[in-house]
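These notes are about the structure you will find just below.
Chain IDs A, B, C, D and E follow the sequence of writing; residue 1 opens each chain.
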Amino acid sequence: MHLVLFLIFAIFALAGAVNLLLQKHPINSALSLIVVMSSLAVLYLLLGAEFLAMAQIIVYAGAIMVLFTFVVMLLNEGREEKTWGSRTAKTLGFPAAAVLLAIFAATILRAGRHYGTISLSDGVTTTQELSKVLFRDLLLPFELTSVLILIAILGAVALARKDNGEA
Amino acid sequence: MNDPMLFLPLIPLLPFLGFLLNGLLGSRLPKALVSAIALVFPLASFALVARAAWMVHAGLALPVVEHDAPAWIVSGAMHIGFGLALDQLTLVMLLVITGVGFLIHLYSVGYMEHETGYWRYFAYLNLFLFFMTTLVLAANFLLMFVGWEGVGLASYLLIGFYIDRKSAGDAGKKAFVVNRVGDFGFLIAIFLLLGNFGTLNFSEIAAHLAAPAGLSGGTITLICLCLLLGATGKSAQIPLYIWLPDAMEGPTPVSALIHAATMVTAGVYMIARAHALFDLSPTALMVVAVIGAATAFFAATVAMVQTDIKRVLAYSTISQLGYMFLACGVGAYSAAVFHLMTHAFFKALLFLAAGSVIHGLSGEQDMRRMGGLRKEMPVTFWTMTAAVLAISGFFPFAGFFSKDAILAAAFHQGAVGKALWTVGLITALMTSFYMFRLWYLTFMGKSRTESRHAHESPWIMLTPLMILAALSVSGGWVGMDRFGAFLAPVTGTPANAGDAHVELMLSVLAVLVAAAGWFVAHSIYGRSGSQSMTESLASPRRVLENKYWVDELYVACVVRPIEWIARYVLGWIGELVLVRGSAWLMAGIAGLCGEWLRRWQSGNLRSYAAWLAAAAAVLLIFVLAGTLLGVGGFAQTISWAVR
Amino acid sequence: MILSLILLVPLAGAALVLLLPERGRIPAWIALLDSLFTFVCTLHLPAHFVSGRGGFQFEENVLWLSHPRISYHLGVDGLSLWLVVLVGLLAPVGVLASWKSIQKNTKAFYSLFLLQQTAMVGVFVSLDLMLYYGFWELSLIPIAILTAMFGRNLNESSAMKAALRFFLYTFIPSAPLLVALLWLYAHTGSFDYTALQAAIASGSLPSWQLGWVSVAFLLAFAVKVPVLGLHGWLADTFSEAPVAIAMIAAGKLGLYSLIRFHVELFPALAREAAPWMIGLAVIGILYGAMLALVQRDFWKLLAYATLSSLSFCTLGIYGFTLSGMNGALLQTVNEGLIGAALFLMLGVLFDGARSCQIADFGGAAHRAPRLAALFVIASLAMIGLPLLNGFVGEFLVLSGTFTGVSKGWATAAALGVILSAAYMLRLIQKIFLGEAETNSPRIRDLSWQETCTVAALAGIMLAMGVMPTIWISTMEPALQSVTQKILTVDQSPVSTASGTVASASTGEPR
Amino acid sequence: MNTTVPAEWYLILSAALFTLGVVGFLIKRSLISIFMSIELMLNAVNLSFVTFAHEWHAVKGQIFVFFVMMVAAAEAAVGLAIIISIFRARGTLTVDQIDLMKL
Amino acid sequence: MQLWMFVVLSLVKVIVVLVIFLTAVAYTVLLERKLVGRIQNRWGPSRVGPFGLLQPLVDGLKLFLKEDIIPSGVYRPLYLLAPLIALSCSLLSIAVIPFGAPMTWHGMRLFEISDLNIGLLILLSVTSIGVYGIALSGWSSNNKYSLLGSLRASAQMISYELALGLSLVGVVLRAGSLSLTDIVKVQAVHGIASWNILGGGQIIAFFVYLMAAYAETNRAPFDLPEAETELTGGYHTEYSSMKFAMFFMAEYGNMITVGCVATLLFLGGWTSPFGDLIPPPQNLVVQALAPLFWFVAKVFCFLFLYIWVRGTLPRFRYDQLMGFGWKFLLPVAMLNIVGTSLALSLL
């Protein structure tokens, strides 16, 4: 059961990610990203992190991706034209990505022996536990991130405003 | 033996005091006071020397060495002090220096009457006396070196006395630099002595040499040759004589004092003083003798054609010094010193007489425009005649005795000695010829310049002339053997066992040679105006006139190459290429790296991303090298890399 | 306490100059009084110096920073005693030298000048290597600024270039010096001089890295001397820097540091570097002398002359003979005095004529007799005329090298003596002698202050020439310990050319 | 019936997603797509966080994911604002044309 | 109980709930047209079937048979996807809503498709996904007006989502859990007194929730986006027949979901208003049906309120709408949270 669900949503995520790469029009890649995020949310559920799954849906898929879609729609830039600007990207980038993947895989497989297996029933972290840790041990980071977001809002407004000087 | 009230240090210090007084305050003092100071201090020092001479005559045992002398340079085991010492040789030299020195001071008062910088002249003169007396009184080589360089400085200052005359400045510079080359040799000798004996005091060195320390002959010869180089520098012998003729730019009394009587004899004195060293290396002695003879002969040939009266005397001095070196070379040090003394008397007289002639003719120095001064300047004429006779070596005069002694000593030195003797004889012939040529051209015949009102010099100039004339005549009567005996303790007795008959024969021959010289001069210059004979020898005459182009040779093969190397090799290659080049290279490299990196920063976002990914990959490999390769992680890789 | 006083009075003076207004001659007077007071304090040192006792005297050691352990450790021994006095002396001389030539924004000039004094004294007295390094860097900056600001600008903005060149030449090698210092600290845990010395002597440090450390030290100091090859900055700085600065720019710092922080700190490695340094020194002497012969500009002539006479000092130091060392140290002091006198007088000549080409001058003796006389005396001292200080230094160095190191090199060095006579007399002859052409530029004689200063310097030169024992007796114990250290080093003593074993000094000590 | 899934599969999935993100970053030419591939990378990392949180029963892992989300939100806001101003200034979003410091 | 038994039973349950839900949607449409008619003093649809009861059936048929015109400039994939997203999101939320008492039969909950302990969160996430439907529809139809309408609609939904979420926090604080059944259990103690709207002190939260919900579903005073007068039908102008029907059903589906959520959170869900005044009925059937009856009654009241508000209140201007949402609703919701947490911690 767990395996089935995991496989379905893993494939969904991978397909979304690959689609993100292949799609020409940004709106499509945005939507494929939303698919990836929601499949990840389900994977979180499989891993027992309920609140996190819902937060992922609401925050990531619901808010951030909306922003992305809005910007894509508003700018309406259209398809990416095929400029193959940087040669180094190809010659250096791909091997590097391959090497990275190889490294991750190697470390995970080599070190993975002593990781346990995951099943549906065990270890569901309730929101109480989550909030206990969040608001007791890590209150300061929590407040800091809220300040960070405030600054981000101010920044976004200042940057995106029509008459802020340039152009 | 402690100093029995001889006040040795005072002898040099008094003239130094005179120098200080005149030097610092001279420009403000009236002329009379300046000349008073200039005369009083040398006189006082002469008095001290005379008193010392009297005490020696009254039986004071020499040598007198000052032991508790103040220390000068003390470093590690080397201990050099201001030690002064008086022995027979020093006494003779002091007598000559201070005696003749004082006379010349007296003469200069008259001669330099209306010169600007009057006080500066006398200050330098006193400074010279201070250095010369230090040189002679020094008990160790380094203090002698002090005197050595000091007199070089004094001669530089005095030659360059007429500051507005460029030729005087050049001559002074030339004199000092050439002397400096000689001093270089002397310095190397000092180091060699220091290296081998550990001390520079004459007494200690003599002691070391007495005990047969295993010193190789080679080093001894090397030391002697270096000392010889120093001597030739100072006494203007073959390689380094070029400065003396130019030194005539200075005022005549200076030439008289420095370039005739005292300074140039320093070289001879030094060889005599270090005779213990020279005796141990026959090769060095041979070199000295050969140089002496060669210089004598060479200088005499050049003197024969000179037209400037002072140049003639200058070359004659070089020639006479050649004789003294010849004497030393054959081991007759006492003969050399004896000739030195007599030469001081008559050469100083010659110069001073020439000075009064020039003074009389208000600065005229060219003999071709003189003549017929016999009547206008009788005293100068008679004193000059005495000097000419003395130098040519006629019988009763001083020159005969000393020159004869030298030739005799040379004669007894075997085959080489005989050859040297013949050269000496020929030089004697030439000497008498050019002296009488000078004599005729200046005094005899008619005056060759119309508007001329030659007047006799004032008495203050004439008295020294007369005293010197007396000395020139009577100087030789002391006799070689008595003089040799007096100097024996210092210079040792020469081994010339020639019998009386040969001696007599030699001296007769010498007088005949002198007479022959006179006759030739008389035949050429005696009858007024006929110089046809000399014109005929055009080509050799031109060679001689140009002094064998020696000066030009020196300039060409020493001065020009150094300048060329300095300006082009060092200046261009050394400075510009190496020093500036290296700095420019560094800048270039930095610029190059900058250029190379600039291209890497292309602004292309995706190439940055590629580099980022690559770097991350490499870093991960590096960090995880352990787990991946099983080598054991981070520490190993780091330590491997650093080792 | 006295050392701190000497160190801080100039600093206080600099501050005072900055505070007070620049009206009239106030900054100049303050600088003069301050430097005179410092000089009097420095005189206190030799008066109370116990020459026999080894080690450092007037020592002050206060822990400054706990970690890294840097302590404010001052001390003077035979080596640095007379150099401090020299710096003390050169301060008032510098101020008097620039009395007439520096007219506008004197406040900046004198404050930086006094700062330079503090730095110089700091370098000589500090025994903590980091403190030393601090003063070493500090001593660099005022010179650069003053040259840039008050430079003569012979050809447009050449003062800036000279300042930059000077700064870079001395600054770049001081980076590896810092690295070496920190490496030492990493290995020994302290910056204190004696501690480091002991640690290095004990041989506990890895050898080949220590080699590189000593090279870094050598390089940094060799540039300051300057040794041949690293002398790119000398000619420019001497021709551009104001007189007061050029006097103290070359020689003293580098040589003292070479003895103290290269030879004494790394005896074994200094021994290895010795043949190179001796070679460079001797070539340097001849190189400098010959170049001086052909220079047309008297500043550059003086620069190369200084290079030649300083190479004598390097030769003395790396000969490792006691008399060589004595000679080197004495020659450093001499060069300071002679350099100061010559600079002052050439400065006066330059100010009058606004040109430094020798050809423009001629017959200056008529118009400036006092200048001519004193110039002759100073150049005679430079040439090394006996009874003047130059001779004693040169004689000791040459005799030490001749008997102790190698005859070949010593003879070559002795040739330098001839050349030095040649170029100095050529200078005198070209400038002072000869007929005074009418169009020769306006040359003024020395003012009474300048005459007093140069006469005082000449007097000291004469005193050092006649009674060098006063100076040598204090220097000798310190240098004795240095040569002892060199000898006890295990390696077989270096012997080049002729094979005489380098005995501690000439012959066996009696 | 309750089959179990070995933990490393999750990790491999997250590694795969991350690598795809990197490749996306390299391939894509439009600025927004690059920005999205970054978001993808962040999500991949979140997945591995949650997996390890589950493995070691440490709630902190999830809290960290929570913070990552917050930061991603802030970053997205500012990033998109910049993209808008770039677009307004340069008229295009293709990365190869935006290669000057001055907009 | 084996897996397949569970799957079959839940499938049956889903179909039943879906059918009921869709018919409810259809009849809400009818109810609205009838009520608005009555409000506007006219009868509303009464021709088809007795009192117009068959009208929804006929409308559905009409929309189904209409020609499906797809304009050419349209971005086809998203044009087709948009209505699907909108409808699926509104349908998804009923999976979590417990409309009856928690009675289990063979281990399977009867009156609830699934009882999750984060039920409320799912509701919120579904509404936030719903925005995409509208946003994409406007953009993909390649029409300026529809684009403007969709942007306005999604902007409005996003801003009011915040107020919606915060207004629920009060209820969650009181209930102490995110699961809807627990929330209702807390209110069931003694009837109407313990409902959140009265006893729970959540009266302010209730009204904030109400307004936010209206804005969320683009209804009543906040229905600016598809206001005919300005934007010619807003985001679904280019849609026709079936796709238009989907949007229509999605809208009414959302209305019903909001109604259910409101009853669950504030009106005590399936609990009777009298609480324990009248003894609980004995036999099983009455026990099962009574809570259902109360639940349906409350939802009906809500729908009535919906339509009533639509009939009476004039439309907001866009800036007033946004201003009201950000500057009034949000602060009030936050104050309410602070108030409830203070009250809970003090009592």
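By definition in this document, contacts are C-beta pairs under 8 Å (C-beta built on N, C-alpha and C of every residue); 3 or more make two chains touch, one makes a residue touch a chain.
Because the structure is a prediction, the values reported are computed rather than measured.
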| item | value |
| --- | --- |
| If a chain touches chain B and chain E alike, it appears here | A |
| Per-chain Cα centre nearest the global Cα centre, belonging to chain | C |
| Pair of chains joined by more contacts [C-beta pairs], B-D or A-E | A-E |
| Maximum centroid distance from chain B, chain identifier (CA atoms) | E |
| Whole-Å separation of chain centres (CA-atom averages), chain C against chain D | 65 |
| Approximate Å spacing (C-alpha centroids) for the pair chain C, chain E | 94 |
| Intercentroid distance (Cα basis), chain D paired with chain A, Å | 5 |
| Overlap residues in chain E, where contacts from two or more other chains coincide | 3 |
| Set of chain C residues in contact with two or more other chains | none |
| Per-residue overlap in chain D, given as positions that touch at least 2 other chains | 1, 22, 26, 29, 95-96 |
| Chains touching one another, given as label pairs in label order | A-B, A-D, A-E, B-C, B-D |
| Complex contacts: residues of chain E adjacent to chain A | 3, 75, 77-78, 81, 117-118, 121-122, 124-125, 128-129, 131-132, 135-136, 139, 147, 151, 154, 158, 161, 178 |
| Interfacial residue positions of chain D with respect to chain B in the complex | 22, 25-26, 29, 34, 95-96, 98-101 |
| Of chain B, residues touching chain A in the complex | 602, 604-607, 609-611, 613-614, 616-617, 620-621, 624, 627-628 |
| Touching residues (chain side chain B, partner chain C) in the complex | 27, 70-78, 142, 145-146, 149-150, 153, 156, 160, 163-166, 168-170, 172-173, 176-177, 180-181, 183-184, 187-188, 190-192, 194-195, 198, 562-563, 565-567, 570-571, 574-575, 578-580, 582-583 |
| Residue ranges of chain B in contact with chain D within the complex | 602-606, 609-610, 613 |
